[in-house]
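Multiple structures follow.
What follows is a pair of complexes built around chain A, which joins chain B in one and chain C in the other.
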Partner chain A sequence: MEDGERLDNVNPTIHKRLPDREITADDDNDDVADKIDAREIFDLIRHINDPEHPYSLEDLNVVSHSQVEVNDEENRVKIMFTPTIPHCSMATLIGLSIRVKLIRSLPPRFKVDVKITPGSHASEEAVNKQLADKERVAAALENNHLLEVVNQCLAVS
Partner chain B sequence: MRGNLENVASLTGHLDRVWHVSWNPDGKLLTSCGGDKTIRVWGTHSKSNEGQGSDWTCKAVLQDGHSRTVRRISWSPCGSLLASASFDGTTCIWSQKNAEFECITTLEGHENEVKSVCWSPSGSLLATCSRDKSVWIWEVDHEDDDYQCVGVLSVHTQDVKNVCWHPHKEVLASCSYDNTIKIFQEEDDDWCCVCTLTGHEATVWGISFDKTGTRLASCSDDNTVKIWQDCNPDGQDGGSSRKTSWKCICTLSGYHTRTIYDIDWCKHSGLLATCSGDDTIHVFQENSVGSSYKPGFSLMACVTNAHSEDINSIRWNPNGDGFLASCGDDGFVKVWKYSQC
Partner chain C sequence: MLGPYLTSKENNIRGRGTLLLAEILHRLPRNKLSAEEAGLLTAFFCDRLKDHHSITTHTIYGMQSLSICSSLPTGDAAKICLNLFKEVRVQSLVQADRQSVFSIISNFLYSKLDELRELGSEFVYGFIQVMDGEKDPRNLVMAFQIVRTLIDHFPIDIFAEELFEVTSCYFPIDFKPPTNDPHGITTELLVGGLRGCLAATPKFAEFCLPLLMEKLSSQLQGAKIDAFETLAACASVYGAKHLKDYLEAVWSYCRKEVFQSLSQEGEQAALGCLCCVVKAVSDDRKEEGAMFSLDCFLDDILKESRKHINEPDMRFIHPSCRLLQAVASSSEAVCSKILAYTLPLLLDQFNKHPQAKQRQSIISILQAFIRVSLAFPYTDFPNPVSLHKDAILSILISMLSETNTSLKSVSAAGLGLLAETKGLLKDDDVVLVAEHMTKTFLSEGDSHLRQESVNALIHIATHHPSVTEGKVLPALLEQLNTEPMEVDAEGDRQAVSHVSHHSILNSMAALATQPALVECIVDRFMVHLQSLSNSDTSSKAEECVSTLQSILTVVTKSRTDPTNLSFFYQKLLPQILRMSVMAALDTRSEVGNSRLLCREEVIVLLAAIVRNVVQCLDLSLASELCQQYIEVFHRHNLSSIMSSEILNDDTVFKPLEIDSPWPQTQLVVLLTACVCSVRRGVTVPDQWQLLTSLLAMATSSDHELTSTTAAKCLAGLLNKFHAGPELDQHIQPIKEHLLTRLQPSNSEETTRQRALTCWIWLTKSLLLRSHPSCNQLASHLLALFEDDTLGTQAAEGLHLILSDSNDVLSPSSHADVKLMYRQRLFLQLLSGIIDGYGNTTSGNKKNYLLGLSHLLHFVPRQVLLSELPPLMPLLIQSLHQEDSALYQSVLERLALLTHDAPGIIAQYVDSLLPELLRLSGYEASMRVRMVALKCICELTTLEHHILFPHKMKVSRSLLPRLDDKKRTVRKEAVKARNSWMMLGSPAK
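Take a look at the complex of A and B:
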């Protein structure tokens, strides 16, 4: 969002970050199958930048470890995200950024569902529907301006 | 299950997801289009019209027509023209001469992405639909290659996903992100919506008429297939065609576990093929018992992992020889042979 425009949520609450994942002996053992787990998915999305604040989605509690579901065998990933306020106009953009991050990071076999935490947004159904429509997501990502905004959210800060 | 679907060819060439497949009218050429902005034309070397040989090759790549994703393609009934709908907001008309394709016309007018295109059975009308919520009807003057818009139908309240003509009448069906299907006809020189079919609980992605045109099958993001019956196909009730009334007479649920992206009703065998975001292809057949107003359908074949990612489109060969084409996000175009066990 441009400087000077009014922010949706002027004073967001900042939450504590999760400590880094503990490295176990098995991590370096090539004989142990390393399935993709919820913590690994969370580590992919926790650092995504909020579109309007200089904080990560984890800092704002938009995403959390407990809201990531993974089933590696069935190739399913489900993310729930919680907009900071129920009328957040950035909800679709945040969901799109999460989706794009996972499309780029995960093997293509995964089916990714990104949804708003039930009851946390006024337009929950409409935003969920749009995020689930891969044709509209594909069209959005052919829009250079929008792609730039998404890439800014995904940039390492 | 009493049928078998065998993979006879897996075609690579597209550099991105493949959105749609379409056979030409004689069933000898297969075309595909996708996110790489190209249309590919596939054929076999075999002189016979067997079509099943494993010698499928890419005969042509049409790549200078569109600047964004090509979403759907449609062959004119005569087989000499191909129309392509693109996210760039235009529809291109390609003319085919001796396997050479040339873009002869570009139709403009939609405000944003064109999602689908379809030729009417006579070839004299073309329908397009768009994310701008409208369906456009174009009248074609084949002598002058002239396309005139004769109707802009803005009755859907959301993104229109697909359009499909009745097999032998000038009746058009469209389906949308607004969860409905609409039927259009010309009345007193004006195209208008004559029926709205409600029942799906999410986006309707695909629609296909049966060979008589009195039934329509639809598939949706709600993971179901619905069969609709035109309860007054001849408009006898009061003599007005406006009396057309479509009712849902069957819902197939519990088969696909994710969005069903496309459906095709074979005009020869009556078999229904569906493809889905769950990577499977299903083939259904109507049970011979049961009344025509309360039909039952049985699953004849199911291929899991038919593609390694979402399957976007499925089409029976119009020859009626049991060949089926599919395409998916994995970039593959596949040809299948259906046989009864």
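Take a look at the complex of A and C:
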């Protein structure tokens, strides 16, 4: 297509969104403690905007409910995300956005892993390494320009 | 007198003289001057234009006042304009003077158009010079309007290009009004004005189209969208003659926009533009060669799209078809041609792709095309869908037996669409679709799919009511009458029901779209209700409630139709009254307590149905109905609703007496629904005696529903009685009666509470109609804040008084509601509350704060802004009281205030934030935690410099809240913390 040089993936497939979480009677009961579960984490990241398209990560199936693992007792969260195409240049940015969103939204007791779904990206290892490196993530957030781009992904649309 | 000054040799003295003259003229009424005077002044001012440049300003100001003068002699308007054009270099003046010039011209164009038209092109040329180079948005808005008038009324031909140049140079407009701009100029105003000029005449076409094409290829999204929208506006004016050569170009720009899909807005603009351009070409029959170009163009794009549709990986099928749909929606001829070509292609593709996902895409594309085809009547061209109707129908029906539910949902939606298309399906087809949809609805488990099938059934009900009555309803009813069965109970049943009776009832209510169906469906509901009530088991209570809710839905939705209304009045209402009275009379009910029709939730729903019907009745029917109700309830005469054989001699029906059993007394709910919902002007028989009985019940009945409703009924009636001494006479004893019972010394607690409830309703009723005694009632209510047992209830009462009630005393029940009653109460009680708060004991302080919070909730924004500042310290004080209800109410208020009065809240951020952060961890109530967090989140809408000093502290303090034990609280905490972290980022 001659028109689409600017974008990596010109015409992404749009997936169906999950319905909103249903509110149960327990949710309104002050005495019941609700655990942090996979759905809750997924609800945190599903609305992150894709850097390229006017869609959310959920719309593009970059993140999905089934790719979120949580262990509330052991304070661990593991998230896999799948770039829309294997050579997507935005993979690091998407991963960084997920990370920043969770840093801002999860209690500090959790250890969070954000990784690319195995086999879904050309430079999987490099990206994973960058995302796992605390120093690098912190350094990235010192960079005002980068922070701005991340904030745009996290903006409530 | 002014003579020597106006002729002085000193420039500035002449100038001041002229200014004084101009100022005087501005202060004169517009019809004060005689024709001679006006003529003289015109000559004078025109002459002054030739004078020293410092005087020009004042002269123009003077001319402006002449331009609205009604007695200006003929010819003077032209004279003024020509002199302005000739003597003044407008663009060298300051903004205010330029604005005066524009308003002189625009005033004359309004009042002296014919005179100016005689000037012809000379005027046009003069104006072009005036406007050339204008930069101020305020002036441009006026200038664009003037240009429109010129185009409509003047010969612009020789200057068309010049006129186009001076206007089009502003395209596209990228003006952003400064914040708190006092002039009210918006981007939309300018864009609209300019677009109006460009689209005003086909004479601009040859200049405008190249310009638009250039902008369509712009990299700036805003410019591109503006260009698309402007082209869409111009298309119908420019016509085929100019557009036919641009079809290709427009198509390729639109295609680029849609394929890139950078933003929804851009895509919508592009598609809209494409549709308008094609429509303009196709509608223009006169232009030779237009049809030919259009045909060639359509052939080209169809050929191109064919490639996309036939691509095996379907990468571009969606955007490509969206483009085709936009083109097809332009006219009947084009639609016919495009669909005739595309539908077979899509059907063919459908057969080539076996996977559910692809098929689902193709079906939804098919639907979008069919939807486009609905817009045209097909008088001159064949309906392209009907050619392929059978193929589409059979595909959709066969997909219903697939396993993939989303595929099935799409197919069901498609069938609904076919049913919606007029004259498309034959009767047999409709029956077939109806049967399939009914079966799908009854046997499928997926709620989305069921909803789609119900939607399809609704379309069938709207367009083919007889099929619904003959086929659909019987099937649903049969299901309704069978008990929900276990899967293994009956192995031979093919369709095991997944459907609850509740959802069958809901869908039946949704099908009542036509009067014939309304009657039929409500009848079946009533039969069903009767059979439920006979079964006498409390397990049916839920279903009973659903049935009534469904009746209520049907009634509220269809009561405006006179046929339906008369059916409700003649059949439904008597039936409800009879059933309820019978149930109340049934002596078994006293023992068992399980009679369904005596349950509170049931009786309240029955009343809601009655109320909704009565609200629509005209005066005579309503009077008749009131008569009947009074006969039954007050005069104990049951003959109108049941024959005497059923009644035993010993049956006693005295619902308005306190000693009667509660199933009878609670029927006051029905009575209320009738007598309080009639139009004003209906006289209720025996009204004064009725009041006495109601008062007695309100204060003495032990049954809570009875006593509360009696109080409401009393309030509802008093609100509508004619004003006058008779009314005042009757209010007085009621007040005294209640006051005695409110005395702390001589009554027990429950009696006092009931009396207070009644007092609150009475206050509301009289406040709404702004009866003089409402002040005293309200003051006494305030006095009760001091009462140890009733204080809180009295404070809560303010909420009841100020909020809208949905049954009695609402405008839909024809209550007498005077304007601004909320402000009146606010102003009356405010000082009392502030003083009371200052003087009372610490235990009762919270009552005043609660009352204040309720008052603030309902007061309109304008009043609030002026009254709020002195109250803020009080509100912040209330965050120190230990009381959940108070916290919640005040915090909710603060959240709204942040929106409505940001300037005031901003002054208190320093003292508010620590309190809010403390309450966001308030252990005793999750609600308080949630709304505290909501407030914290709301604060981020304030100005940045106020918040920035707190950013670090807030983000740190919110960390523990992210680990709250309640999920809903965590959600608010996440929202608040993220909003604070985003502060200062333009993305927000």
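FYI, the second predicted complex is superposed on the first by the 152 of 157 C-alpha atoms of A that agree within 3 Å, B and C clash if a C-alpha of one lies under 4 Å from a C-alpha of the other, contacts with A are read in each partner's own complex, and residues count from 1 in each chain.
Methods note: contacts are C-beta pairs under 8 Å (C-beta built on N, C-alpha and C of every residue); 3 or more make two chains touch, one makes a residue touch a chain.
Remember, predicted model here, so these are calculated numbers, not experimental data.
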Touched partner set for A:A25, first chain B, second chain C, both or neither: neither
Touching partner for A:D133 - first (chain B), second (chain C), both, neither: first
Touching partner for A:A33 - first (chain B), second (chain C), both, neither: second
Which superposed partner A:E148 touches (first chain B, second chain C, both, neither): second
Contacts of A:K16 with chain B and chain C, given as first, second, both or neither: second
More chain A residues in contact [chain B versus chain C]: C
Which of chain B and chain C A:P108 touches, first, second, both or neither: both
Touching both chain C and chain B, counted on chain A across the two superposed complexes: 108-109
Chain B residues within the chain A interface of the complex: 17, 35, 68-69, 71, 87, 112-113, 115, 131, 159, 161, 177, 202-203, 221, 258-259, 277-278, 308-310, 329-330
Touching residues on chain A, where the partner in the complex is chain C: 1, 3-4, 6-7, 10-11, 16, 23, 27-28, 30, 32-34, 36, 40, 43-44, 53-54, 101, 104-109, 147-148, 151-152, 154-155
Residues of chain C defined as touching chain A within the complex: 255-256, 259-264, 315-316, 318-319, 406, 925-926, 959-960, 962-963, 965-968, 970-971, 974, 977-978, 981-982, 985-988
Contact footprint of chain B on chain A as seen in their complex: 108-109, 111, 129, 132-136, 138-139, 142
